[in-house]
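Below are two complexes that have subunit A in common, paired first with subunit B and then with subunit C.
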Partner chain A sequence: MGKYIIGRIIQIIITFFIVMSIIFLLFRIIPSDPSSFLLTPSMTAEAKETIRKQFGLDEPIAVQYFIYLKNFVHGNFGTSFYSGRPVMSIIMERMLNSILLITTAVIIAYIIGVSIGKAIAWKRGSKTEKFFVILGLWFYTTFTPWLGIMFLWIFSFKLKLFPLGGMITPEKWILDPSLMEKICDMGYHLILPLVTYVLLWFGGYMLLMRNSMLETLKEDYIVTARAKGLKEKVIKNKHAARNAMLPIVTAFAISVSFSIGGAVLIETIFSWPGIGRTIVEATLRQDYPLVQGAFAVITLVVLLANFVADIAYAYLDPRISY
Partner chain B sequence: MDTVLEIKNLGMSYDTTEGSVSAVDNVSFRIMNGEAMGLVGESGCGKTSLGMCIMKLLPENAKITNGEIIFDGEDIVPKTEDEMRMIRWKGVSMIFQAAMNALNPVYKVGDQIIEAIVAHENIKKEEAREKVRELYKLVGLSPERMENYPHEYSGGMRQRAIIAMALACDPKFIIADEPTTALDVIVQDEIIDEIKNIQKKLNMIMMYISHDISVIAETCDKIGVMYAGNFIEYADTFALFDNPLHPYTKALMSSFPSIEGPKKELKPVPGEPPNLLNPPRGCRFYPRCSYAEEICRNERPEFIESESGHFLACHRVI
Partner chain C sequence: MKKIENKKASQIRQIWALVRKSTFIKLGVSIMILFGIMAVFSPIWIHINPEVYDPIIGADPNVHGSVGPSLQHPLGTDDIGKDLFSQLLRGSQVAFMLGMMVSVFSTIIGAAIGLIAGYYGKIWDTLLMRLADIILTLPRLPLLIVISGIFGTQSNWIILLILSLTFWPIISRVIRAQTLSLRERPFIESARVSGVGNTRIIVKHLAPNVLPIAFYYLTVTVTGAILVEAGLSFLGFGDPSNMSWGMMLQWCFVKGYVFKAPYWMIPPGLCISLLAFSFYLIGVGLEEMVNPRLKKR
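Now for the complex of A and B:
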C-alpha cells in the first residue's frame, strides 16, 4: 500500500507538470499579445515597455516558461492582468461559489440518481422503469443552455418565482441584513440553477446505477441470497446494491472533482460568479495568470480526487489490494 | 420410513423468444427419511432446473406448469414468495458450486453464514457466531477463517464453507448441485466424503445433482436418471448398477470407466439431446436409441414401476 501511494504521488506530480506545460503553450499559441489589453494607444513607448517588463512579457518564451514553473512550485500564481488582484484570492472566492452550487447539485443528483437507478433495476420491465429511463435520458441529452433559458423564462420571467440570475440581491446586502436573511437570500438565488443542474445530471447516474445493478442481479450470490430466504430489501440493498455501487463510486469522485472547477454553461446562464464563468471571462480578456491559475487548481483537484477514489476502492472492495 | 419429499407429475418450462422450452416434464419420485438421492444426466437435461423448482427459485421467464411438490406434507407449488422465504434454508437448503460466485465477494464468509441463521432463528448474533464456529469444525475448516473474504479461500475451502452455510439452519433437506465439479479429484474425494458423512450423521435427506454417475454411486442410496427433462429410470443404487434397464442408462454406464472391472473401450452415447423447443413426440430418447421401434416414435412411455422399487419409462423393458 505504502509503495503504491508513493508511486501514485510521483505519477500525479509528473502529470501535473505535463498539464501545466500544455496550458502554458496553449496561451502562447493564441495569435495575439496579452499586453494589448493593458496598453492603450495613447501610452508612450516607454510606459508600454515598463508594463511589459512588469509582467515579464519581454523575456523569451523559454525564460517565461521557467519563471512560470518556478512560481507555481512556490505557490505563486501571480496577479490578474485585468483586476490586478492576486490570482489565488480570486480563485478561492470563486471556487467557494462553485462548490456551493455545483458540488451541492452533484451530490443531490448522485443521491437521487443512484436511488432511482437501484429501484428501477429491481423492477425491471415495469412501467415505472420505462418512465424513469425515458425521463432520465431526456434530461441527460437536453442541451443545457436551452433548459436553463426555458426555466429562467418560465419560473423567473413569467411566474416571477425566482430571480433572473446572480448569487445575491445587492440592494439587500447593502443594508447589512442578519445572517439568516443572507442565507435565505442566497438560497433563493440558488434554487433554480441547482434544480436545473440536478435534472440535467441525475439521469447519468441513474442509468449507470441501473446498468451496474442489472449486471449484479445476474450474479450467483444473488441466487444464494434468495435461497437463504433473506428479505427482498436485504437482497436488494445489502447484496446487490453494495456490489453495484463499486464502479459508481469512481464516477462520483470524478464528478465531484470536476464540479469544484465549476460548470461553465450553468454558471454563465444563471450569472453565477463561480469558477467556470471566471475561466470564460478570463480567457476572453486574455488574463493569462488567472486562467493558468484556475486550470492549475482544477487539474490538481481532479488528480487528487482520482487518487482518493483509487484508495477508497481498496477499502470498499476487499478483493483489491495495492 | 416416512416420505419427506414427493414430487408428482412436475412440469416446468422457460419462456424464450423462440417459444416455450419444457425443461422438466412429467417428473415423479419420492425421497424417504434419511435417504440420499442422486440425480444424473447430461448437461441441459433439467437437473438444476428441477432443483430450482423445489426451492422455487426460478428465473422470471420460468414457471411451474403442473404437478405438485409435497415437502413435509405440504404442497409448496401454490405457496407465495413470503411463505417460501420461511421454507428456504430452514426446510430446504442448497450446496452451490464453489466455482460459481455463490459467496458475495464483499462480505466476510462467516458473516454470510451468520446472516442466514439470524434471518431464520430468533437468536442473537453472538450465538449464531458460535454456531458457525461449530459448523466450521464440522466441515473441517479452522474457525479463524470466518474472518476472511471469499477470495482468500482456496477452491476446496470455499466448497467446505458453502457446505457449512447449507447446514446453518439445520435443514431437513439439502440439494447439492454439482458441489465438486470444479475441484481436482483429490479435493473432490474429500468433499464427497464430507458430504456423505454429514448427511448420515445429521440424518438429512439429500438430492445430489451431478453429471458424473460414479460420484453419485458413491454418495447416494437411490439414483434418478434424467434425460431431456424426463425421469427415465429411478431405482436403488445397487439395483441400477447391477441391472440398468433403460437403454440410455446402459449407454451412460458404458461411457464411464470402471476402476475395478476389466478394461473396456468407452462408448460415448451417439447423437445429441433433442431440442426442447420441439421435443420428439414419443420417447425423447428415441432418435438416439439403438433399440427404437415404431411405438417409441409415436407414444410417450409411462413412468412406471417395472420391478419393486425400480421405476422406468421405456416401451421395451429389456
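Now for the complex of A and C:
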C-alpha cells in the first residue's frame, strides 16, 4: 500500500510538471506581446521599462522557464496584470468561493443520485425506472448556462424570489451585519446556482449507482442472502448497496474534475466569484499570470481528487491489494 | 455462401428487434432525425432569400432592434435584424458536424491506441496508458479556454483537434481491456501460430471484435463534444466565422436580451440540450443491449 501511494504521488508530480511546462510553452508562442495589454500608449518610456522589468518580460525564455518553475514551487504566481494584486491571494479567495459552491452541490447531488439509483435498480423494468433514467439523463445533458439562465429568468426576473447573481448583497454588508445575517445572505445567493448544479449532476450518480446495483444483484452472495430468507430491505441496503457503492466512490472524486469544468459556466451565469469565472475573465483580459496560476491550481485540485479516489478505492475494497 | 448471408440477415433482424424494444434508442433516434432534417433544411431556407436569411452576412433592413416571431421570421430576429430561425438551422449543421467528427476521430485514435497497448503490452502499454491518464485528468473546459485565449481568434478546426485529442483516453482504456482478454483467445493464438503478422491480427481479427463497444463510446463522445463546444462558444471563445447554438445564446446574453427576448434565449439552449440528450439516450440504450450484466432478470 505504502509503495503504491508513493508511486501515485510521483506520478502526480510528473503529470503536474508536464502540464505546467506545456502551459509555459503555450504562453510563450503568443502572437502578440503579452506586455501590450499592460502598457498604455500614454505611459512614458521609463514607466514602460520599469513594468517590463517588474514582470520579467525581457529575460530569455530558458531563464523565464526556471524563474517560472521556482516561483511555482514557492507558491508565488506573480502579480495580476489587471488588478496588480498577488495572483496567489486572488486565487485563494476565489477557490474558497468555488469550493463552497462545488462541494455543497456535489454532496447533495451525490446523496440524491445514489438514493434514487438504489431505488430504481430494485424496480428494474418498471415505468418509474424508465421515468427517472430519462429525467436524470435529460438534466445530465442539459446545456449548463441555458438551465442557469432559465432559472434566473423564471425565479429571479419573473417571480423575484432570488437575486440575479453574485455571492452577497453589498449594500447589506456595508452596514456590518452580524455573522448570522451574513451567512443567511450568502445562503440566499447560493440557492439558485446550487439547485442548477444539483439538477445537472444527480443524473450521473444515479445512473452509475443503478448500473452498479444491477451488477451487484447478480452476485452469488445476493442469491445466498435470499436463500437465507433475509428481508428484501436488508438485502437491498446492507448487502447490495454497500458493495454497489464502491465504483461510485471513485466516480465521486473524478467528478470533481468535471465539476470544475461545469463551475466555469455556472459561475459565469450567476456571477459567482469563483475560480472558474476567474479563469474566463482573466483569459478575456489577457491577464496571463492569473490565467497560469488559476489553471495550475485547478489542475492540482483535479490531480489530488483523483489521487484521493484511488486511495479510497484501495482502502474500501479489500479485494484490491497493491 | 447463401447460408452465411441468411445468417447475417437474421442477425440484423435480431438486432433490429432489440433496437425496436428499447425506449431509449427510439426516443433518441426520433430527436436526432428531427435535427437531421433541420440541418438539411438550412441551405433551402437560406436559398429563399439569401440577403435576409444568411446566418452570417444576412440581415433584414426593415427591422430595427430585436423583434418577436412573425411570418417572415418564424423565430424573430436578433438586435441587428438577423433571422434567428436561419441561425438555429445552421447551428444544427455545426453541432452535427463537430460532434460527429470529434467522436469519429477520437474513437479512431482511442481504438488504435487501445488495440496497440492491449496487444503489444509491456512498455507500449505503460507509456500509452500513462499518457491516457494524464490527458484524462486535465480539466478540459479550462484548458480549451486557456488555449483559445492564447491563440486569439478561434477556429472550429482547432476546437475539433483539441476535443479529439482529449476525448480518446476513455475509449482507449475500454478497448485495451477488451483487447487484453481477446488476445488470449484460441482464434488469435491460431492466427499467430499460422504466421499472420501483428498488424494483420490487429486489423482483421481484433478490431472487428471491439467495434461494438467502441460504438457505444462514440455516441457518448458526441454528447460531450456538443456540450463542450457550446460551452466554449457561449463563453465567447467560439469560431466567429460560423454560427453555432452556443454563440446564439452568447449574443443573447452579451447584448442583454436574455430576459427581454425569450424567443431568442430559449431555442438555442433547448436545441443543444436535446441533441446532446438524444445521442446519450442512444448510448444508454446500446449499453443495455451490449452489457449482459444490465439485462433484465
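One rule holds in what follows: the second predicted complex is superposed on the first by the 315 of 322 C-alpha atoms of A that agree within 3 Å, B and C clash if a C-alpha of one lies under 4 Å from a C-alpha of the other, contacts with A are read in each partner's own complex, and residues count from 1 in each chain.
As a working rule, a residue touches a chain if its C-beta (ideal position, glycine included) is under 8 Å from a C-beta of that chain, and two chains touch if they have at least 3 such contacts.
Just so we're clear, the structure is a prediction, and the values are computed from it rather than from any experiment.
Quick one: on subunit A, after the overlay, do subunit B and subunit C clash, or do they fit? Just give me the call.
fit
Check the contacts made with subunit A and report whether subunit B or subunit C touches more of its residues.
Residues of subunit A touched, subunit B against subunit C: more for C.
With subunit A as the corner point, what is the angle to subunit B and subunit C based on their C-alpha centres after superposing, as a multiple of 10 degrees?
70
Once the structures are superposed on A, label A:Thr104 by its partner contacts, choosing first (subunit B), second (subunit C), both or neither.
So A:Thr104 meets neither subunit B nor subunit C here.
After lining up the shared chain so the two structures overlap, which partner does A:Asn76 touch, if you call subunit B first and subunit C second: first, second, both or neither?
Neither partner.
Once chain A of both complexes is superposed, is A:Ile260 in touch with subunit B (first), subunit C (second), both, or neither?
Second partner only.
After the superposition, pull out the minimum Cα separation from subunit B to subunit C in whole angstrom, please.
Scanning every C-alpha pair, the shortest subunit B to subunit C distance is 6 Å.
Identify the residues of subunit A that lie in both the subunit B contact region and the subunit C contact region.
none
Sort out for me which residues of subunit A touch subunit C in the complex.
Residue positions touching the partner: 11, 15, 18-19, 23, 26-27, 29-32, 124-125, 130, 133-134, 137-138, 140-147, 149-150, 152-153, 157, 207, 211, 214-215, 217-218, 257, 260-262, 264-265, 268, 276, 279-280, 283-284, 286, 291, 294-295, 298-299, 302-303, 306.
Please name which positions on subunit C make contact with subunit A in the complex.
For this pair, the touching residues of subunit C are 23-24, 27, 130, 133-134, 137-143, 145-152, 223, 227-228, 230-231, 234-237, 246, 249, 253, 258-259, 262, 265-266, 268-270, 272-273, 276-277, 280-281, 284, 293-294, 296-297.
Mind pulling up the subunit A residues that touch subunit B in the complex?
Subunit A residues touching subunit B: 219-221, 223-231, 234, 239, 242-243, 316-319.
Give every residue of subunit B touching subunit A within the complex, in rising order.
Residues 55, 57, 84-90, 93-94, 96, 100-106, 115-116, 119-120, 149, 151, 165.
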